[in-house]
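Below: one structure in structure tokens.
Letters A, B, C, D, E and F mark the chains in the order given here, with residues in each chain numbered from 1 onward.
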Amino acid sequence: MTITHKHVDEIFEYDGSQINPSWAFQEFGIYGSSIITWIGPVNITPDNLKDFADVGLEIKSNYMANFICEFFDQQPPNMRVAYLRQRLLVMIFREILSEYGIATKREGDDIFVDERKLSISIASVSLSSAKIHFALNLEDKGTPDDVDTIGLYDIKDNNNNQIFNEDNLVDLINKTVDRFIDEIETIEKDISKTKVLL
Amino acid sequence: MTITHKHVDEIFEYDGSQINPSWAFQEFGIYGSSIITWIGPVNITPDNLKDFADVGLEIKSNYMANFICEFFDQQPPNMRVAYLRQRLLVMIFREILSEYGIATKREGDDIFVDERKLSISIASVSLSSAKIHFALNLEDKGTPDDVDTIGLYDIKDNNNNQIFNEDNLVDLINKTVDRFIDEIETIEKDISKTKVLL
Amino acid sequence: MTITHKHVDEIFEYDGSQINPSWAFQEFGIYGSSIITWIGPVNITPDNLKDFADVGLEIKSNYMANFICEFFDQQPPNMRVAYLRQRLLVMIFREILSEYGIATKREGDDIFVDERKLSISIASVSLSSAKIHFALNLEDKGTPDDVDTIGLYDIKDNNNNQIFNEDNLVDLINKTVDRFIDEIETIEKDISKTKVLL
Amino acid sequence: MTITHKHVDEIFEYDGSQINPSWAFQEFGIYGSSIITWIGPVNITPDNLKDFADVGLEIKSNYMANFICEFFDQQPPNMRVAYLRQRLLVMIFREILSEYGIATKREGDDIFVDERKLSISIASVSLSSAKIHFALNLEDKGTPDDVDTIGLYDIKDNNNNQIFNEDNLVDLINKTVDRFIDEIETIEKDISKTKVLL
Amino acid sequence: MTITHKHVDEIFEYDGSQINPSWAFQEFGIYGSSIITWIGPVNITPDNLKDFADVGLEIKSNYMANFICEFFDQQPPNMRVAYLRQRLLVMIFREILSEYGIATKREGDDIFVDERKLSISIASVSLSSAKIHFALNLEDKGTPDDVDTIGLYDIKDNNNNQIFNEDNLVDLINKTVDRFIDEIETIEKDISKTKVLL
Amino acid sequence: MTITHKHVDEIFEYDGSQINPSWAFQEFGIYGSSIITWIGPVNITPDNLKDFADVGLEIKSNYMANFICEFFDQQPPNMRVAYLRQRLLVMIFREILSEYGIATKREGDDIFVDERKLSISIASVSLSSAKIHFALNLEDKGTPDDVDTIGLYDIKDNNNNQIFNEDNLVDLINKTVDRFIDEIETIEKDISKTKVLL
């Protein structure tokens, strides 16, 4: 399958509407499966909340690295496939962080650094596509008061130097997307060389 | 989705085993969805018959233009999708013939010229992929005695000149495959810009 | 499967709401899969647009021959099946036109005569059914200014005589529906005599 | 959907091969979904056993009323749908027996009269269809020694008169099939008038 | 699979909104498949009607025993599975009534006692889950004027004694849920010991 | 969903037949989804090879920690779900190794330590279930000559002490299974609190 990656350079807010089906087509004219990435604030309006456990909560952060994935290959879309691919994305991102020497913890689709929450994520489906939103705080600013958060820019190496910054953030985003797309394609290749059971 | 087309230049027989799943991977190392085309005799062994209506019959022809399509996108594979795509292929081929000014008739997946049978086709699925075999007689030779057949090389234009020959057959095959792949991709594009119903 | 065809004699507008699921049941008390045909103007309200590529455009025509198909057999409904069946309908209509000696072109689900657009079509699904709208201009009137359109009544034979008119239009509609239903049923028959792959 | 019922008057053995896909087409030329009923001995060969719990056991009876159902509507076939429809058939048969005043017990797909086993049943699927075998002992003869069985002909009413016999058995079979087909069609009708959830 | 049963002791109205997906999570914090039962009036608001045949009708009763089932196992949810499981629930309830010596009739998902309507039911699906509402009148009060209804408390045994009352109603509800859950689990077990067809 | 874990204490060979559907039921009487783990040699017979890329190769090792997972929840089984869950298992195992301070690399479903291959894995489906085999060398013995392999017992910590041994291997296996089951259950919980897209 072909998955188009587009990194949008301009800053815009994730208000939750971007998870709607065919947003990539409507906004950027992109056909088929795609991953759109950008940096911007997150402030999900109550109407756009997709996690019933978050009803009444604020989901916000001043700046996040945002990933919106849309898959049209699985027809009809399947919530299990959507969440399994979400876990794949989250775990691939963790693998990449570990290559930078960054120790993290994972609980479901949440990544923690030093017990502080680094990421948010949701997956869902319409009858046309499956969508995943995954986003990483850049700084611990503008996040809900009752959650202890951390940003990518807050992470230090052993010499107390900042690891990620405005100069290498897009590289990190691109590397994550590349590996995720590669993994999904490798799975499709695996399928095409597997003998079925009888 | 990406569909690999490989036209094999050497002649080999279609004995029905080529419809088995992952044949393109096993034979040519091709991953993912593919269309393999070649020219060769057809002689389906009883074990390889997939149409229960053909049990006890001979399915054979001295030379045919063969198309073997394999699709891994639809998971789990669906017989309806397989047969709908088969019809799409057959009808696209008819559309192309009509552009050459050739009048044909169609009954299901069979194409007739002057009431003589030009083609054979079957579709089926395993749990890994959907497969279609579509083949066109080149000459009315080696076909079952009880079926009135015609070959592509037997078709004449209004001036009684042969339309297809060894020089342009591969062009015809390529054009058919290109249009078929294009149609399938256009359908996928259509899906990605369609609003679902509520 | 059983598909009920009902041709409605009275004229009414297609405003896009007829593509909603169970419209045939709500309007005509028809259970199960159905094809409703009628003649009437088309003027799709923005709310009812299902093609995101058409947002902001006018989809209208003074008079069209309308086909609304609804399929309940495929559960859960599948966008691919919906669009493949749409292509089948469009291509069958083209086959019929060619039997009248009318040369047409096809791009995806659009039919052109003399490079002028004859038809509109969309497919979509809810979780209960798949729906197809297919409609043919009768005259080149009331269609968007920026699209070069043609109507069925505008098509002439070699003697410059009009081919379709109010007297034979319903025959054309009925023939199209009959062949489409027959094709779908033949596919189901093909499935029931096909050996699966292992 | 259309389901063809054929009651075969001649006696033949159920050896388990009749559960294979497209048996109704291969044996009787029946296209599409069907229910074949007949009276005959049952003696399932080890190769044809579909219940892994029965491996090494004998599944046999001198005479049984046999039902073989095949459904092609659900694509791809789904084991849950197959077993739910099997339960529907078994429970409809129980409903009919209760109308004759016959008290029965049910455990899963087994029916008991006076704690004696009346029926056997299995469901399974291939990638083309779902199949159900359901059969009722006519007499307690030729059944495995370690199972306490009963036949339809062994059931008595309050006046100690035999309820079923050779004269009314086919009526009972037909009534069962009619109700089962009617129930499946009613479910399809229910689907076509149901609003989906959002 | 695990299905959580929660009987809610307090009385509240079924207004139709309880059939929406994840209601059990939103209202009671229950994860996964569940059956919520309670006693309360039914008065479905027009917006919440899911049966297009009921549009314009009143669906109401002063007191009913309500069952709301939600299943997340089948992904993507399938209307056929939803309605087959609904029939299973209705038929299991009938089996239980017959054990109390109560003769009933069934038409699709409706149960009648003495030709009077005892129950209402609907099934539907969203892309996350399948839902079933099944409810039994307790008394023939507050039901639509044009329907002859009966309540569980109105049913008498041969000695003209009331069978169900406030003291044993919850037992009846629990028994119904237990058997239904057990049946669904038994089907899953049957699947896991069934050999597929080839 | 409920997934049964059984660790078998006795040593037996994985010859590839254990990947067949319902093996856990046939061998251990386990109903439903399950994970069977054990320690034993691996030597896959050519007939049991499921990876067409391995045809003609030897897949063997003197001792491996074996995991055989079978899932019946997804009906009909889906190769994508099978492979996504396989990746989940492989990545969870990597996460656990990293908690022991062990650096690994991953390529698809293969884990490497010091560029030496630690694991083998395959996923496949029948129409009843999805199966995953995942196995880890204990020592670099009996593995194919042309592959540079490593065993769990060969891995050393920074003080050059062996990390895994016969005393803690089962703990490692249990921890892996516990986390994998927990992850799958968490995904199911996530589904049950997610709002669908429209």
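The working rule: a contact is a pair of C-beta atoms (placed from the backbone, for glycine too) under 8 Å apart; a residue touches a chain by one contact, two chains touch by 3 or more.
As the structure is a computational prediction, the values presented were derived from the model and not from experiment.
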- Please give the intersection of the contact partners of subunit C with those of subunit D. B, E
- Which neighbours does subunit B have in common with subunit C? A, D
- Message: With touch defined as above, tell me whether subunit A and subunit E contact each other through largely the same residue numbers, more than half shared, or through different ones.
- Response: different
- Message: Between subunit A and subunit F, what distance separates the C-alpha centroids? Give it in angstrom.
- Response: 27
- Separation of mean Cα positions, subunit E and subunit C [Å, integer]: 40
- Once you find the CA centre of subunit B and the CA centre of subunit E, what distance in Å lies between them? 51
- Item | Set of subunit D residues in contact with two or more other chains | 21-22, 25, 52-53, 74-76, 78-80, 125-128, 191, 193-198
- Task: Go ahead and list every pair of chains that touch.
- Result: A-B, A-C, A-E, A-F, B-C, B-D, B-F, C-D, C-E, D-E, D-F, E-F
- Query: Residues of subunit C touching subunit A in their complex?
  - Reply: 52-53, 55, 76-80, 125-127, 198
- Task: In the complex, go through subunit A and note every residue touching subunit F.
- Result: 19-21, 49-53, 74, 78-81, 83-85, 87-88, 91, 94-95, 98, 106, 108-109, 122-126, 131, 183, 186-187, 190-191, 193-198
- Message: Which stretch or stretches of subunit D touch subunit B in the complex?
- Response: 22, 25-26, 75-76, 127-128, 196, 198
- subunit C residues touching subunit D in their complex are 1-2, 21-22, 25, 31-33, 72-75, 126-129, 188-189, 191-197
